[in-house]
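Residue numbering begins at 1 within each chain, and the chains themselves are lettered A, B and C in the order written.
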Amino acid sequence: MKGTSTILVVLALLALVPVLTTSNVVLNFLVTTLLIALVGQGWNLLGGYGGQYSFGHAAFFGTGAYVTAILQMRYGVNAWLGFVLAIAAGALVGAIIGAMSFRSGLRGSYFALVTLAFAEVLRIIASVAPITGAGVGTLIKLDLRPEAFQFQSRVPFYFIALALVAASLIIVRMIEDSRFGAYLVAVRENEDAARALGVDVNAVKLAAMTVSAAITAAAGGFYAQYFLFVDSGIAYGPWISVEALLAPIIGGVGTVFGPLLGALVVKTLGELAKLVTGDAPGLDLVIYGGVLVLVVAFAPRGIAGLIADARRLVRRFHDKATMERGNG
Amino acid sequence: MFTPVILVPAVLNGLMTGAVYALIALGLTLIYGVLHIINFAHGALLTAAMFAAFFAHKLLGFDPYMAAIGLSPLFFLIGYGLQRYVIGPAAHGEDRNILLVTLGLAVVIENALLYAFRADTRTINLPYAFDVVEIGTAFIAVSRVIAFATVIAVALLLWILMRFTRTGKAIRAVAKEKLGAELSGIDVAHIYAVTFGIGTACLAIAACLLLPTYYVNPHAGNAFVLVAFTIVVLGGMGSVAGALLGGLFVGVVESLSGLYLGESLGQIGIFVMFILVLLFRPSGLFGARA
Amino acid sequence: MAEPLLRVENVSKRFGGLLAVDRASFAAERGRITALIGPNGAGKTTLFAMVSGFLAPTEGRIHYDGADITGQPPHKLARRGVARTFQIVQPFAELTVRENIAVGSHLYRPARADALAAAAKVADAVDIGDLLDTAATALTVAARKRLELARALAIEPRLLLLDEVLAGLNPSEVRDMVPVIRAIANQGVTIVMIEHIMQAVMSLAERVFVLSEGRIIAEGSPQEIAADPRVVEAYLGRGAAQRMTAGAANG
């Protein structure tokens, strides 16, 4: 499968980081970046490749986070098993929301609206339901053993995050090179034309949404294990829905590496904002919103698009130079 | 239980709050009907207007009902500028981009307010706001009566604007057939911006009507706009009649259900209704499919 | 004689107060080219939309290959061998010609490499093989029409519905397309074409149905149709046929 070489190179480089530095600050930054990259990978499958823009991906992130936490704390389930079940739960929520929305033919703005609404409903329920700890949230008890999916150092967390992102890169690349991927992109470009060629549009969208939700839920589950605290605002809040779409859009929608590139930019901007103004709530999102508008206005295909444009320019320049040399 | 003495005031109160819902919904449906976009920034803009009205009162001593006279042109200009110089150009006309740009704006506005003013909830103290007026056998708060009368006046003004002025006719032309309007020499970008501005001005007026009896915080606008979205989808995207009637209807339903079922249904109920309406009737009762 | 591959039986379509198609019936014989002509707004594309599953008839039934397919969704019909082109071409804009056609080829080929290879072959058959790596948005009108045709062919249809596939082409482009269409029919594909360009209809179609204001008003060979006064009136207005014969008589 072509393209794997790039993925492997990138992964290898990233894997070297803990060898080069022991700084907790750097590792923490990279772990949270990988986390957002993972969330973005999930969104990108449905939004970038499938063209269905969800404004409520928090629904899957939060489900992943809460299910992981609740299964451990209230039912004594093993942390790793809980993590796997959390992914399944996220996929289920995705399938349900998707089935309802696509059966009703919701597209474009309506789809965005309904996903927003679903995420909000979950947030409100989580903020009052006893099982989630209501307003207080859920704490995962400190238990620094690998069997409990908790580690003393950040390095194992880093490698797990890296592995998850690696898996998502491979999954997306495999989809890109498959019939499902071709159908997904066709649905994005023109649903009626796709139907006329035998594509079951609703089934394709539903499948994309389910996988997308699973990937995002994995990020949520990881978040819970890394930070050991979940509440309704963290799990289902607009911040994660915004970052879920911001990373792929900045990096390049519909590309394999877009979310990773974009996550790096988003996190860097966030850190810069914190440096300038401390931890005042709201400023980071102001910057994210502004960046979103700017990217859409000036670089709608994101960083990946800019790179492709630059390549094309270089090639044209090179061709012209070769031609002139031939004529001269 | 169902005696007129209880029902009539509940219905009247519902009509009054419904009027404000209708005004918010009116802006939203106008923007959809003409620009064919769902304005995700509507809630944030309402919140901004509420903050503006609040500070007009707190810092400049303006009575909110008077402030509406100054704030509506101001917000008209803000809305005009946003559409003309931000949303329009940034989106390059693509639907998916418009979604993202209005979302981006919403995030910026709401969080800028959060950053500037913190999450505290504020209220104003308007002495006469809760005085009552006797209508038939019911006692209705003055603020509610003023709200209802204002919304009727605004609706009438907009109707006159749409029917009899050149701008209004241009708006209707663009809403019906954009290409034809453009070919007839209408500056579509300008009309889009004017419509957006009208929608935002409606929000400013609604904010002033709400301030005497409600609170202000960075998330306040969202609750109302959610109801407005539900109304617009229910009444039909782009249908002015749908927005007005829908607003009044929802106001009455809310009032009656509050009377008989208590406040417990709360926000979840509104969201659930919104989702159900989206799933089962996105074309609404009056409007056309998106 | 074998049952026609497609039989449309008294089909009507009502949109609110508008009766777009009024008890229309026609049939397409296996392996033959059938044309559906008529003035603009007659309801031809609406009929195609119903045959290909994009709209459900208000009344009537549609039979394909002996089975009742009325109301079946488009993707299921595509899998049964019904393909259509769109009057306003609908390319997958951001994809190349090869990728566009491959979406169709994938119907019977799950593997990406197979679908892409098959797509190249179909492109050659329709003579756009040299444009395989061009983005759909960068194509000329004529090339886009061929792409539209190629995509439909990629799903290996038995019934091909061509909706004004020659519209927007200049005369030499039309002359180039006609043999391509005939070649498709020669391979056994049953074709129904909506067309306004009469020279193409005359040279390609074996049977012609005329639709006017939602109703089938005439059917026959192309020569019979050309001489039919009702057809002249449908296009040129009431009394036109008389005026024309009167004019010819007066010299």
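Criterion: contacts are C-beta pairs under 8 Å (C-beta built on N, C-alpha and C of every residue); 3 or more make two chains touch, one makes a residue touch a chain.
All of these numbers come straight from a predicted model, not from anything done at the bench.
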Distance-maximising chain from subunit C - centres being C-alpha averages: B
Centrality ranking, top chain (CA atoms only): A
Pair of chains whose C-beta contact count is the highest in the structure: A-B
Subunit A and subunit C: spacing of chain centres that average the CA atoms, whole Å: 44
Centre-to-centre distance between subunit B and subunit A (centres being mean Cα positions), rounded to whole Å: 34
CA centroid of subunit B to CA centroid of subunit C, Å: 48
Subunit A residues within the subunit B interface of the complex: 51, 53, 55, 100-101, 104-110, 112-114, 117-118, 120-121, 124-125, 238, 242, 245, 249, 280-283, 285-286, 288-290, 292-293, 296-297, 300
Residue ranges of subunit A in contact with subunit C within the complex: 177-179, 182-183, 185-186, 189-190, 192-201
Complex contacts: residues of subunit C adjacent to subunit A: 52-54, 73-75, 78-79, 83-84, 86, 90-95, 99, 102-104, 106-107, 109-112, 115, 151-152, 154-155
In the complex, subunit B residues that touch subunit A: 37-38, 40, 86, 89-92, 94-97, 99-101, 103-115, 118-119, 218, 226, 229, 267-268, 271-272, 274-275, 278-280, 282, 290
